[in-house]
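Input: structures, listed below.
Two complexes, one shared chain (chain A), two partners (chain B, chain C).
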Partner chain A sequence: MRLYIKYFSVHIKSQMQYKTSFFFTTTGQFLVAFATFLSIHFLFDRFDSVGGFYYEEVLICFSVMIMAFSISELIGRGFDRFPMLLGNGGFDRALVRPRNVVFQVLASQVEFSRLGRFVQAVAILVYALPRSGIDWTWDKILTLTLMITCGSVLFFGLFVLYAAFSFFTIEGLEFMNILTDGGREHGRLPFSVYGEGVLKFLTYVVPLALIQYYPLLYLVGREESILYALTPVLALAFLLPCWGFFRFGLRHYKSTGS
Partner chain B sequence: MMYRALFRIRFTNSLQYRAAALAGLTTQFAWGFMYVLAFAAFYRSNPAAFPMTFQQTVSYIWMQQAFIAIFFIWMYDNSIFEAIESGQISYELVRPMDLYNRWFTMTTANRLSRAVLRCLPILIVAFVLPEPYRLVFPGEWARLGLFVLSMVLSLGVVVSFSMLIYISAFSTINSIGTRIVVGVAGDFLAGGYIPIPFFPDALRIAVELSPFGAMQNMPLLIYSGYLTGSALARGMLLQVFWVVILVCVGRVLLNRALKRVVVQGG
Partner chain C sequence: MITLQGINKTFRIAKRQAGFSRAFRALFSHEYETVHALKDVTFSIRPGEMVGYIGPNGAGKSTTIKIMCGVLTPDGGECQINGRTPWRERVAHVREIGVVFGQRSQLWWDVPVIDSFELIRDIYKTDAKVYKRNLCELTELLDLSETIKTPARTLSLGQRMRCEIAASLLHDPKILFLDEPTIGLDAVSKLAVRQFIKRLNAERGTTVLLTTHDMQDIEALTERIILIGKGQILLDGSLSELKERAPEGANDEEMVAALYREYEI
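Let's turn to the complex of A and B:
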C-alpha cells in the first residue's frame, strides 16, 4: 500500500508537469459529460418522465454512473491501457519484477484527468439530491454509497475482463466498449427504460443494473424492501469470473517478443 | 490529377483496417440500438411532445450510425496533427502541392473510406429490423438524391471545419485539448447527441444558421423526411454558403500560420 501511494504521487507529479495539457484534457472530460447532461436536460424540457422516472431521479442515476466510472477509470486505467502494455513488451518487464503483477498493472497508470468527469458528477448530484424529494435517512445514504462504490468495483471488473481478453488478441477489443463506455453513456437512464431484454441481460449476464436500476428503485421509494438497497453488493460477485479469466489468460500468456 | 492519386492512396490505405472496422461495427450497432430504445421510451411517455415522428427519429439514428465517419467532427485525421506537432510538416512544405488542398483531400479520403467500410452492414441490419425500430427507405428517389447531395455538402462542411482545428495546432503545440473541446461542443451542436429538432427553440434557430446546423443535421433530416420544400432549399443553400466561407477562412489562416511557422529542431 505504501508503495502504491508512492506510485500515486509520482503520477500526480508527472502529470502536473504538463499543466496546460492536463487542464485541457480534464476540461475535455468534463465537457463530454456535460454534453450528455445537456442532452438529458433538453429532453426533459419536453418530457416530464421516461419509463416512470422523473428528471431528478434520472440525474441521480446519471451522476452515480459517471462517478462510479470515473473512479474506476482513475484507478484502473492500467487495465484499460493493458493491450498497449502487452504490445510494447512492458508487461514482460512487470513479470520479472518481484512484485504482484496486478499491483504493477494498477500502479502503471493513474489518470487524473478523469477527475473532470468526477467533478461533473458531483455537481449534478449536488443539484439533484435536495430536489429529488428523497428523505435522506441513513438507509438511503447507505444505498447511494453502495451504488457508487460497488459501481466503481464493477466497472473495474469490466476493465480487468477487457485486459484478460487482450491476452488472446493483443489488440484492444472495441466491442468491450459497449459494456464499459456504453454502460456509462446509456446508464444515464435507468436500464428498465430500454426494455425487458436489455434489463435481463444487465441483471444476469453483466450486472450493471444491480448497481443502478434496483437500488434506484429503493432510493426513490418505489420499492420498500431493503433487499433492493443491497443489490449492489451482489454485483461484486461479477469480479470472480473477471479475475478467474484474467488468471486464465495470464497462464496462457505468450510474449509478443519485442 | 495529383490530388486524385493522393485520394486513392489514402482511400485504399484506410480500407486495409477491415478487422478494426468489423469490431467497430458491433459497437456502433449496439449504440444505435440503445439510442433507438431510449427514444422509444421517451416517445411512449408522451408522443405529443415529440418534435419529429418516431419513424423519422429512428431513421435519423440509423443513418447517423451508418455514416458516423462522415458526420462527426471528432473523427479527425490524427496523422495531420502528428505532422504539425512532430515537425514533419517541414517535408510537407517542400512538396510541390498546395498544403490546404493536400490535407483537404487526405481528410476527405480518410472519412469516405471509413464510411464505405462501415455503412453497408449497418444499413442492411437496420433495414431488416422488426417494425418500429426499422430504418425505412425514403418514398421517392428525388429525396434520396437530395440526401446524397446534402451528405456531400455536409462532408465538405465537416472537413473544412476540421481544417480550422488542424491549423489551430500550429499555435498550440499540444492540440489535444482543442481537439476534444471543439470536437465535443461541435458534435453536440451539430445534433450528434440528440437531433437538433429536440433542442429548445431559441438554441435550435441559432444552431440551424451556424455551420454546425449544416453538418449531419441536413442530410439526416432530409432522409428521414422531416425537411421538405423551402426549408430544405434554404438549408442546402446554407450548406453551400458555409463550405465556401470555411474554405476561404481556412486558406487565409493557413497562409498566415505558414508564414510564421518555426520548425523546432532537426
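Let's turn to the complex of A and C:
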C-alpha cells in the first residue's frame, strides 16, 4: 500500500506537468457525463416513465452506474490501458521487477482526469437521493452501498478481462467496450428497458443487471425480498473467471512473448 | 553463476500475406509458422565474468536475455542463475539482477529522474544506506548530479542511457544484463558508458552480459564472446580466437561480417 502511494505521487507529479491537458480532459469528462444526464432529463420531460420507471428512480440508477464505473476506472485504469503496456515493453519491465505483476499493472496508470466523471457521479447522487422518495432506512443504504462497491468490482473485472484478451490479440478488442463503456452508458436506464433477451444476458453472462436492475427494484420498493438487495454480491463471482483468464493469458505471454 | 543447458524456444507466428483479399481471409483462418528462436542454447558464465553476446538482428539475443530475466519461459532446457530457475522463482531472481533494455526506458517520463530512482528503491525495497551509497557513487561516476534533477523526457539519449544504467544498479545486483546499451549514443557517451561498465566489473565484480552490434564495445570490454546466429550458439571463445578466423587485415566490422558469412547467418 505504501508503494502504491509512492506510485500515486509520481503520477500526480507527472500529470501536473500538463496542467492544461489535465484541466480540459477533466472538464471534458464532466461534460460528457453531464450530456448523458441532460438526455435523461429531456427524456422524462416528454414521458412520465420509461419501462415503468420514473425520473427519480432512473436518476438513482444512472448515478450508481456512473459512480461504480468511475471508481473502477480510477483504480483499474492500468488494465484498461494494458494493451499499450504490452506494446511498449512496459510489461517486460514489470516482469523484471521484484513485485507482484498485477500490482504493477494497477499502479502503472492513475488518471486524475477521470475525477471529472466521479465528481459528476457524486453530484447526481446527492441530487437524486433526497428526491427519490425512498425512505433511507439502513437496508436501503446497504443496498445502495452494495450496488456501488460491487458495481466497481464488476467493471474492474471487465477491465481485467479486456487486458486478458490483449495477451492474445492486439486488434479487435473494441467489442469489449460494448460491455464497459456501453454498460455505463446504457446502464443509465434500468436494463429491463432493453427487453428480456438483454436482461437475461446481463443477468447470467455479464452480470451487470445484478448490480443495477435487481437491487434497484428493492431500493424503490417494488420488491420486498431482501434477496434482491443482495444480488450485487453475486456479481462478485464474475471476477473469478476474469481473473483466471488473466492468469491464463499471463502464462501464455511468458511462453510466447514478443 | 549462470548456466544454460539446452534451451529451446519456438514462437508461433501467424503468417500474413499481402493483399486485401488475403488479409480478409486471415480474419477467419490463420496459418501459423513455427520459428525456432533458440535451438539447444548452452553456455555458462562464471561470477565476475564479462561476456559479449553478439549476432545479427533476429538471431535470438534478446530472447535469450528475456529467458534469463524470467520474462519468458523456454520450451525446453535448464537455466540456473544464482541457483534459481528464473521463470520459476521470478521475484527472488529479479531482485539480484539488473537489466537495461537499450531501446526502452524504465524511467518515468515526466518526473525528475531522481523521483524515478526513489520509486525504484521502494520497488526493490533497497536498504536506505545501500541506496544512498549507490546513488552517490553512481551519480559521481556517471556524472549525473545535475541530470537527475530534470525529467527523463528532456534528457538527451546519452544522458538518459547513463540514467538507465544507474537505475538498474541501485539495488546492488550481482548480475547485469545490458541489451544494446550503446545504441545510438555519441562518442563521448559511448566512452563514458564503456568506462563505467569496465569499472563496475572490476571494482564490484558484477557479472556482465552485454549484447551489442558495436564491435568496439566488445573490443573495449570483453575477453569472451558468444556468437549466436539463427538461434544457435556458433562460437564461444575469446576475441583473439575470433580474430584468427577472420581474413588478414580486416577491421572489426568486416571480421564480424565475414564470420556471419562463414556461418551463413
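We take it that the second predicted complex is superposed on the first by the 251 of 258 C-alpha atoms of A that agree within 3 Å, B and C clash if a C-alpha of one lies under 4 Å from a C-alpha of the other, contacts with A are read in each partner's own complex, and residues count from 1 in each chain.
Note that contacts are C-beta pairs under 8 Å (C-beta built on N, C-alpha and C of every residue); 3 or more make two chains touch, one makes a residue touch a chain.
A quick note: this is a predicted structure, and the numbers were derived from the prediction, not measured.
K.L.:
State whether chain B and chain C clash or fit side by side on chain A once the two structures are superposed.
P.N.:
fit
K.L.:
So, A:237: does it touch chain B (first), chain C (second), both, or neither?
P.N.:
neither
K.L.:
Between chain B and chain C, whom does A:186 touch in the aligned arrangement: first, second, both, or neither?
P.N.:
A:186 sits against chain B, while chain C stays out of touch.
K.L.:
So, does A:205 touch the first partner chain B, the second partner chain C, both, or neither?
P.N.:
A:205: touches no partner chain.
K.L.:
Scan A:89 for contacts with chain B and chain C and give back first, second, both or neither.
P.N.:
The answer is second: A:89 touches chain C but not chain B.
K.L.:
Classify the contacts of A:27 with the two partner chains as first (chain B alone), second (chain C alone), both, or neither.
P.N.:
The first partner, chain B, only.
K.L.:
Touching A:17 in the superposition: chain B (first), chain C (second), both, neither?
P.N.:
In the superposition, A:17 touches chain C alone.
K.L.:
So in the superposed three-chain picture, is A:35 touching just chain B, just chain C, both, or none of them (first/second/both/neither)?
P.N.:
After superposition on chain A, A:35 lies in contact with chain B alone.
K.L.:
Mind working out whether A:227 is in touch with chain B, chain C, both or neither, as first, second, both or neither?
P.N.:
neither
K.L.:
In this superposed model, does chain C or chain B come into contact with more residues of chain A?
P.N.:
Of chain B and chain C, more residues of chain A lie in contact with B.
K.L.:
How wide is the angle at chain A between chain B and chain C, using CA centres, rounded to the nearest 10°?
P.N.:
An angle of 90 degrees, rounded.
K.L.:
Superposed on chain A, how close does chain B come to chain C by Cα atoms? Whole Å, please.
P.N.:
Between chain B and chain C, the shortest C-alpha distance works out to 8 Å.
K.L.:
Which positions of chain A sit in both the chain B and the chain C interface?
P.N.:
18
K.L.:
Provide the residue numbers of chain A that touch chain C in the complex, in ascending order.
P.N.:
Touch list, chain A to chain C: 2-3, 6-7, 10, 13-15, 17-18, 88-89, 92-93, 95-100, 254-257.
K.L.:
Note which residues of chain B are touching chain A in the complex, please.
P.N.:
It is residues 20, 23-24, 26-27, 30-31, 34, 37-38, 40-42, 44-46, 49-51, 174, 176-178, 180-181, 184-185, 187-188, 193-194, 198-200 of chain B that touch chain A.
K.L.:
What does chain A use to touch chain B in their complex?
P.N.:
Checking each residue of chain A against chain B gives 18, 20-21, 23-25, 27-29, 31-32, 35-36, 38-39, 42-43, 45-51, 173-175, 177-178, 182, 185-186, 189, 193-195, 198.
K.L.:
Could you please specify the touching residues of chain C with respect to chain A in the complex?
P.N.:
Listed in rising order, the residues are 11-12, 63, 66, 69-73, 75, 87, 90-92, 94-95, 97, 99, 101, 103-104, 106, 108-111, 115-116, 118-119, 122-125, 151.
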